[in-house]
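Before anything else, here's the structure in question.
Chain lettering (A, B, C and D) follows the sequence in which the chains are written, and residue indices restart at 1 in each chain.
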């Protein structure tokens, strides 16, 4: 299946491993990712809090380019990008005058035929394939963390239970993992304050890491580069803030699926993480299982 | 030839100052068919009315037009005057010279011209009026009350006490409804069962009330005064006449672990059971889905212990047909379960309960005999969090409305808890406190001030279990929107009040309307609050909208008084402004071709099918017939009928057409 | 054509139907006329070509035709739709008619029940012909004055012969509004107001019911494009209210139902 | 008067329901709000009763403009008569427009029993608009010789 692909800025910088793991997993799930030519920043955070027109025009341009390239669906891995693109599509479809205004600004037409999908949407559909091809089942307890934008606002996303989502749980289960019932899966990690107010992030992200660890999770699973930054890169701040150290790696859901499909750590970019991806010996085959096979 | 009399009123200066009334009368006198035309200062006065009466007698008038105020003002006055003089009331029409002419235009020739036009139009109409007579419909003076909660009980007792037979139908094995489940009632804190059970007994013993419990409405046909209801009496498995209600069967029943509906699933019952000790009637039913005999074909322990041999395992549902003249719908409500709330654990946490479950915990007859103990381990909870507006006023949950009773019962719950667990810490999360009602605000203040319930204004985003506690995460919007976390032992959700699950099906069965939330629609939100749009069907209680006990009882008495009013006459007399389908000589019988496209256009389902048969009973033709007891006279069918086979008495095609031609 | 004749012979021979209503050669080569075939031998007279356009469902309501008993009816798409609409309007009992649907390639499908007709008609293409669509758009695009003048000119030619009514399968009223005389809604003689009133009344009475057979215009001796009035209303009823008359035996009349949020931007 | 060049005074016919617009027009009177005297009301129980043929008759009898008015959606005395009427009007307007009837001469409005002022504004507005359009000569008129409805014997 052919999908339009909009990596967004993070996946080219701080979240390279998200891009790498997604690109590595895709062909195994019969997904062909076609990057939208000449895409631009979605405008999350800065634009959408300052200039309404710009906040619509930036995502609209990418959407229009995807539509021109003939994609039915556009895969947007970053939750913030996903939210901006989906919101723009909804707003333009609901208001013809606005659609005309924005399309004249970007000098490209957009009629809304291209839909926006997240990694969770796509992997959710591929769950039977994952289950069938999981040569190295990821036999560990994990806490799936959704953050804010993946499930909310409920009117924008495809999530059936925005207050208690189950979609990521279904995916990790298909890869062999045991998802835990825990308390913070849709709490905010403080992403927007990651740079400006690290103390707040330490508190918010700290609670998430703490609850997952206390409930016996062996990994946190995320599907958003910003969440990953706060839970992984900001771990020293969290540990300082709480006075506890946590050996709890944070995996992108694509990495977890990749491991189950037998891909190597390097191919999935695990070496790029700040918190080392190491698991206690247990029921699961070690992450480096392919070498042994 | 028609002999029309025209009477122009000056209404003092009201018409006279702007319209030349004498000129109008003079012009009217020259219209063809008009034999008498006068003007007078006040037509509605006694002398004015006498002018009309005398003219009717002396000039043998066949029609009267009064040019005066709005017909909405004095049409009844002048029609009565005509009737007193021997002229059929419906041969009198009014031309609105005041509200539609003199009061809204300047004193100009055009204004008088308009007045003349208005009179001419009515003269042409009245020439085509026909004498009409009130429609009399016989009334079966028996009422059907659906639902045996407090609303149905009150309505049934009021109607029965007025001397009319009542058929009371209750779906459950006992009457009493939700009120029987409540512990104590706000704002007086008197015991619910103590005030309710005497009423239940009164119902059972009332000579005018026929009680069908464990029964449901199967179908309803007919119209006001003349309904035919079929009631399905579900098989109890016992002979009610023989059973003495001794309870030996219940004691011996081996299947004891069935969640008790009456105890909101917090306690257990047996397979043969009465819902609660004070049940009316105090006769058990067998729950066939759980009974060992019905499941395996073996057991019959109850039959062995029954001293009167009342068990009837092969009993079948019985259909009973009753003729009734009016129906009161009082089918009540249910509350959303905890499983409706993913953020509050999706029903996974045993110690997250609904308000109704808390009622059972607090009730002396409940599973804990009134001790507040949490369901998971029976411990007395030290900290209890009450969450108001669980589901209500939440568009994201699809429930926009306020459930109305939760503010009050949450205050009551917190208070009851504090009274029973003195060292306990009750918290209430709320959006607003809506305590409109006699002594209601005072009651809430008492909870806050005397019983020191901590009210936190804010919503709860999540409940999760940690270290044996329920962590309630919310926000205090009065404290600079600070997040709040409370480690609770028990959480009580004031879950939204919703109609019964089959409310929609029942409404469709009865052809009454309901709103988007499935509550029944009253005929007018302000002025007809206890009537349904279908004449003869009334509504009481929470099946119409969330309401508390006092309001429910008031509405039930209101509905009952409407029924009693209806039953105060032997026949129902209705305005003859109704639609009629024409009848012609054979072989046509009617110009109606029986397409019945009018059927769905009628807002009242007044269009019936009539089969015209020959003397051998062969159907020659099926044509429409308007049920005059049901038709309200809107005329939607008239405008729709292609062949002009339906007409509206009082506003016939011929009359309206003549009005237009006269313009 | 031979397939059709063969089916007709079989149905008559087996006694399944008492008559077959189909088309026979008309008085001119480019005309066809309706014909009742009562014996298998007469079936040779049946024809099928592009001139077989008249909607034969029209005849079903006539007392003489009712008296014939069970019929087979040679049917086009609009004939099938007329049968379903008649059934929805309580005018046709299931099983009274066996429809013989003739496809473009001459293949004959026998449809003994309304359910079978519903099933088949749902699969047929829908919509107006290109020529009809162009004419509709042309007139709708005329300036108001010209549109008024166009129709005034057309209606001026109307001679009130009511052939349009006689040809219409859904104009089955026992008494037409034109025959109601208390009041006289529409004058008997032909005059500009009466002609306008008649044509508007006819179109309105078919709104939400018309099955687009075009028999009204075909029948008009003056060649007035009456069907365009029906098409305009059918389109409006479909786009505004989702009306699809003639596709189901279920009564679903757009003018006898409503939605609280039906369009009303023209009402102040 | 006969020397003044008088402005064209249009003839307006209003079809109104008894419960809302007729009562609303009563309120206009009770409130003594003045409006143009050009309008003649035909009172019917409900907008659902308004046959489209009556509108044609009004124009045929020389009306230059027609007003059709009743209860707001949801307020119908008969619960749904106005909803049925609204569907009929939607189709009728489409047909009128197609056959070249000037829709600027047919005005639909919801006027409740409380909207006395709205009624006056409506009549004045329609009058001004029709005045600008002039007499409706393009609509065929009822012929004099046409039989009148039968007189009551």
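One rule holds for everything that comes next: a residue touches a chain if its C-beta (ideal position, glycine included) is under 8 Å from a C-beta of that chain, and two chains touch if they have at least 3 such contacts.
None of the values given here were measured: they were computed from a predicted structure.
**Student:** So which chain ends up in the middle if you average the CA atoms?
**Tutor:** Central by C-alpha mean position: chain B.
**Student:** Taking each chain's centre as the mean position of its Cα atoms, how many Å separate chain B from chain D?
**Tutor:** 36
**Student:** What's the distance between the Cα centroids of chain A and chain C, rounded to whole Å?
**Tutor:** One centre to the other, that is 59 Å.
**Student:** Rounded to the nearest whole Å, what is the centre-to-centre distance of chain B and chain C, using the mean of the C-alpha atoms as each centre?
**Tutor:** Taking the average C-alpha coordinate of chain B and of chain C, the gap between them is 45 Å.
**Student:** Residues of chain B that contact two or more other chains, please.
**Tutor:** Answer for chain B, listing residues that touch two or more other chains: 601, 640, 653-654, 657-658.
**Student:** When you check chain D against every other chain, which residues touch at least two of them?
**Tutor:** Those would be 52, 80, 84, 88, 142, 149-150.
**Student:** What chain-chain pairs meet the touch criterion?
**Tutor:** A-B, B-C, B-D, C-D
**Student:** So in the complex, the part of chain A that touches chain B is made up of which residues?
**Tutor:** Against chain B, the touching part of chain A is residues 154, 161, 163-164, 181-183, 187, 211, 214.
**Student:** Over in the complex, which chain D residues touch chain B? Could you list them?
**Tutor:** The touching residues are 9, 11, 13, 18, 22-23, 25-30, 32-37, 40-46, 48-52, 54, 57-58, 61-63, 76-81, 84-85, 88, 120, 142, 148-153.
**Student:** Touching chain D in the complex: which residues of chain C?
**Tutor:** For chain C paired with chain D, touching residues are 139-140, 144-152, 177, 181-185, 187, 191-193, 195-197, 199-201, 203-204, 207-208, 228-229, 232-233, 236-237, 240-241, 254-260, 262-264, 266-268.
**Student:** Note which residues of chain B are touching chain A in the complex, please.
**Tutor:** 341-343, 346, 348, 396, 462, 464, 466, 471
**Student:** In the complex formed with chain B, which residues of chain C make contact?
**Tutor:** 89-91, 172-177, 180, 182-183, 185, 205, 251, 253, 255-257
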